[in-house]
Amino acid sequence: MIKTKQADLSRRKFLATTGAAGVATLASPAILRAAGSPIKIGMPTILSGRVAILGETASVGAKMAVDTFNAAGGIDGRMVELVIRDSKGKPDEAAKVTRDLLSSDGCALILNGEASGGTFAVHEVVRDTKTYCMHTISETSALTADPANRAPWVFRSARQGIHDAISGGLYASQLAKAGATRWATCSPDYAYGRDTTAEFMEFLAVFAPEVELVGETWPKIFQPDYTENITNLLNFAPDALYSCLWGGDLVAFFDQSSLYGLFDQFQTVAVNMGDVPVLEAIKNLPSGIHSGNRYHKDIPDTDANEAWNTSFRESGQLPTNWAWQTYTGAQFVLEALKETKGETGHEKLADATRGRTIDSPFGVNGTVTLREADNTLVDYAIGYGQTVSEAPHMEGFQPTGWDVIADHEADWMKRKNYL
Amino acid sequence: MLRLDHLVKKFGGLTATNDVTLDFPAGTLSAIIGPNGAGKTTLFNQITGHLVPTSGKIVFAGEDITGMKPAAIVRKGIGRAFQVANIFPTMTVEEALASAVSAHAHAAFELSSAFPRRDVKTRTEELLALLGMEPVARRISGEISHGDQKLLDVGLALALDPKLLLLDEPAAGMGPEERWQMMDTVQRLWKSQNMTLIFIEHDIDLVFRTAEIIHVLRYGAVLASGQADEIRGNPEVIEAYLGSETDATEADSREEPA
Amino acid sequence: MLNIDALMNCFGNSACLVTQSATGLIIGMLLFLVASGVTLIFGVLHVVNFAHGAFYMIGAYAAYSAYGVTGNYYLSVLAGAVAAAIVGVLFERLAISRVYKENLLMQLLVCYAFVLICDDAVKIIWGAEYLAMGIPSEFRVPPLRIAGGVVPPFYLFLAGSALAVAILSVILIRYSRFGKIVRAAAENATMVSVLGIRVPLYFAALFGLGCALAGMAGALAAPVRSLTPGMGLSILIESFIVTVIGGMGSIPGALLAAILLGFTRSFGSVGFPLFVDGAMFLMMVVILVFRPQGLLGERMVR
Amino acid sequence: MNLAHPFVRAAGLALVCFVLLIVLALVYPGTWLLDTLTGLFASGLLVMSLHLLVGYTGLVSFGHAAYFASGGYIFGMFLQTPDIVAAFGAWSVPVATLLALLGTGLFALVVGLICARLSEIYFAFLTLAFQMLLVSVIQGLVQYTGGDQGLMGGIPRPEFLGLDMVQVKDRFVFSAFLFLAGVLVIRLVTLSSLGATLRMVRDNEVRTAFLGVNTYRVKVLAFTIAGAVAGLGGVILAILTSAAYPEWAGWAVSGEAIFTIMLGGLHSFYGPLVGVVVMRFINDVTLIYTTHTDLAKGVAILFVVLVLRRGILDWIIDLRAARRGRKEDDNVSRALSKAGKEAEDAAS
């Protein structure tokens, strides 16, 4: 039931925009539903710009889940249809696209494939319109951790920054113990970059109190030239660098940094390095960069993961962090739809989603769960390793246990007054 | 009404206005003539505040207006029309005149009245009649004939009810027939509006026929002043200007049509 | 927001001073190359080329493709410049030349349309996702150390060639027969065409030259910047800041302003890291308010 | 009441439109059209107010989006302050709207005082620079503006006069009111004596000064009014999206607004509104076939600028005028030939 984007849009959009527009569209969702027509899931994601490749893989991930579901008969024969739209990675565009998906495309719920910037915009829309929503990409902790942001019918199937920070802090404390005590940071200047960096440094200090922050530099998101940031890092003369740059920005940063021999001068922890397309795009990948796992076919090293990896690659794309997260998010949504028998009311769907555990190739123990307390994903494989210049590009992986994460996360929430 | 007192304007090494002292009594119709580059327009620009004199004084209605801004000088009651018709090309004739009247009626910033205000409309209709422009009132200013555009320019200046009106070559760029008509209109306006009028013209015949008093400029300085007969008989003027530029007989023969 | 200490420390430390100064010059030179194209076109044709960033992008993408085929970086840079020049001449002939006499608004719109079309065309030809060209092998060498400061040889090459090409084109405009004809035609096109010279071709060539400078800048920078549709925007804005600060139409002004901006970026990131962009716009505002003709501009404005 | 008075007619038209829109809201069963129109109201005020500058005063501002964003931010930041909302209660939204209008007007006044001294291209660049400066300020003051994320956490919009801004219909009615009020203000300006002065400045600034008008003040005044009305547009969008984003002040918004005016028609009052609708149409129709909407927009611009050489509404008006002209010619020639025939008949 997955059609191409264009074909998908055409009928609906055409109705919406030609003369008679109004009445026809207005009436249609109800009629279609009565006739057992497909349930539409709207998906805003980034399909242009420097991170378009991630948006593409997210689309493939969501489609995989929906295809499998429809092939297995859907909801008693009723199909599910994805409507995917380019949000261009801009918050205002993401908000606009989401509203359009709901009001002119007749989507009943949102599978949000936007990065952090746009996610908060989408979040406002679904809170405002009381629409069931699954955020699949944003890792910004405050999205679900801060009670002020929560909405009971909104979920997150992505990693959470705080989980990575605990895992990364624990891992990096070993570097600190080995003498790397002077740290600098270079992260993108927006919510995700600021929050993630602050959380990482916070936990690094928890596990290795001797660490000192000697300087930070904040390039703008999608900044073309990092020269001034790089030379600034040289001036800080740290023992180690932390960066949460990602996608094309990370590639450009690495290419430019290599001219300055940056990676010979200190240790580098680049949390988003572990995405396969990024690893392959950097033309001369330095070895020994520390990175979190984003998506890796050997983490966890199971048959299910291996099989998923193989079938994903049939799309012609390389699997990414965005891909598994969107796939997982779509799985949760579909399971919930099945339980409500296709009803899309936000409360009903939310009740069917909250606290649910599903089988997953990405779970440490073969399952992942949407934690009941804060509607966020737990039990996914998480840990740190090092890059190597040859495929599979990652080695020395050290997983972090979820008991450790849970303890520290609880402490952190207390410190933040989130509890 | 207007007195220029030892007016000097220098551009670098060039003296455009050289110690000009002139008096324009109230209610007179004067002309300033002189060959190209004699400094006629420069003189006007100083009177209207577009240029600041290097030295000397400009006194209007007993008040020293030297160095004032153009807009302030306009409000004192000096109106001006330009050598090249200086109009509002996309507005209709009626609209342009009404806008000028409106500005004069202190309504330029008025938001409370619809345009044109009733008194503005009445005055605009008077002006249109005075100028004889009713037939083209609804046409776009940029699309009417050259002569009408010049007339509109004069009309814009008249809209300000000036005590003193300066016309810079009102008949420039027109055919012979039109020129005579234009000067007749100027004379008629002057008579009916009870104002002081100064115009620049380099066509000596038009000047002799129209003006009461004539001032001849050369190289920025006053060469001669007087009534038509005095100027006509002044040997210096004949030598410097008349003899060299116009043929006397030809000029005489042109006095016929009216 | 302000970190005077860090700035003072940097001035007192030769390593930091050398590194940051070099950074300023590197950023400045590339900007100068782009801005000199803008200012050249404005100075002669009096057209504000709002589409200049698109030519930067075209240069970068053309270089990427050429590098893929030839594997030769220098050839790729040439290809980038040539591609931008060709598109520039076509754009001038088909669109911009029709609005030379129109007002600013029309020129702006034509350029805006061209930028939209180019960005989507790039998406169609090269795809929407980022591309990375990678650093040519001859430049994969350790950076130079000068008085404790760090300077990569690749950037030396980049800044050097940018400066050289920009200056060469100025000499071309000022002293060659081509330059003299173009400038004369800009003053009085009718007179020059009476002499039997086909003025439109000369205008097109000059426009193409300006675009080639942008294209070359894009090609030069391609190895270290990830290529995306719309990548021309930020460099366009910066080069306009440079052009306005230096004075519209003044090449020496553009050089001065480009270096000024480069240093603002490099030392600003030490002293006031969060307000670097703001500082650039503020400089532009101050210049426009107090000296609208720019630092070295000659045209009277008001 | 004088029904022939232009002000009365304009206000009457606005009132009729308002009633029609309320009826639409009542009978329309869904949300799509209402939300779409609400969005169009926001961009409508942006382009209509810019048109007052570009079309009526001849001031090409590249930075008009700054005032649009300013309206949205003032509105949002005011309502996101709990103490203020507690103090104003049910009047919070109207007060915030008024504040956004006045605050934006003040902001535009300050910028206008600086920019109006410059001519053409330098004016354009300076307005652009102020817009960019505003974007960096918004992005820099993270703790107040949410930086690049925009105003996060939603904008509280307490119910007032029985209107709840979370409801599509209520929100639509209030936005329609703001929109019509904004358009009416601009309409009254263009119909007033000030409007005539604006057109004089556009046509010939020097001559206007020579009629004793302080043209600098005229330009500043136009800039201020246009800015304030644009701010009202920002308020509508902030109500619709329950947020405000720095992109609203971006150059792309300004650029698209200028294009929308040109597309619709520079010389007719309602041209920009036609432009807004057509723009949305181009966007939605091209989305059916391709994601490359920019390409379609670019081609449309080139067509309008290079082929039509005027906006759509201007083109239609000119076309009708030309046809009427031809008709008159026809009448004349018919009359002439008739006269000729009669003369022939008489002769024979």
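For this structure, a couple of remarks:
Note that the chains take the letters A, B, C and D in the order they are written out, and that residue 1 is the start of every chain.
Everything that follows uses one rule, which is that contacts are C-beta pairs under 8 Å (C-beta built on N, C-alpha and C of every residue); 3 or more make two chains touch, one makes a residue touch a chain.
What you are looking at is a predicted structure, and each value in this text was computed from that prediction instead of being measured.
Counting only chains that touch, the fewest steps needed to get from chain C to chain D is 1. When each chain is reduced to the average of its Cα atoms, B sits farthest from chain A. Taking each chain's centre as the mean of its C-alpha atoms, chain A lies 36 Å from chain C. Chain centres here are Cα means. That of chain B falls 42 Å from that of chain D.
Taking each chain's centre as the average of its CA atoms, chain A and chain B sit 76 Å apart. Work out the mean CA point of chain B and of chain C, and you get 51 Å between them.
Contacts with at least two other chains are made by residues 47-48, 189 of chain A. Chain pairs that touch one another, listed by label: A-C, A-D, B-D, C-D.
The touching residues of chain C, counted against chain D in their complex, run 1, 48, 95, 98-99, 103-106, 108-110, 112-117, 119-121, 123-124, 237, 240-241, 244, 248, 274-275, 277-278, 281-282, 284-285, 288-289, 292, 301-302.
Here chain D touches chain B in the complex through residues 5-7, 188-189, 191-197, 199-200, 202-204, 206-214, 217-218, 221, going by the rule given at the top.
On chain C, the positions that touch chain A within their shared complex are 10, 13, 15-16, 19-20, 22-23, 26-27, 123, 127-130, 132-135, 139-140, 142-143, 150, 152, 154-155, 221, 223-226, 228-231, 234-235, 265-266, 268-270, 273-274, 276-277.
Here chain A touches chain C in the complex through residues 47-53, 56, 189, 217-218, 220, 222-225, 227-229, 231-232, 234-235, 247-249, 251-252, 255-256, 258-261, 264, 281-284, going by the rule given at the top.
Touching chain D in their complex are the following residues of chain A: 5-6, 9-10, 13-14, 16-17, 21-22, 25-27, 47-48, 86, 90-93, 95-96, 99, 103-104, 117, 120-121, 124-125, 127-128, 148-149, 189-191, 194, 221.
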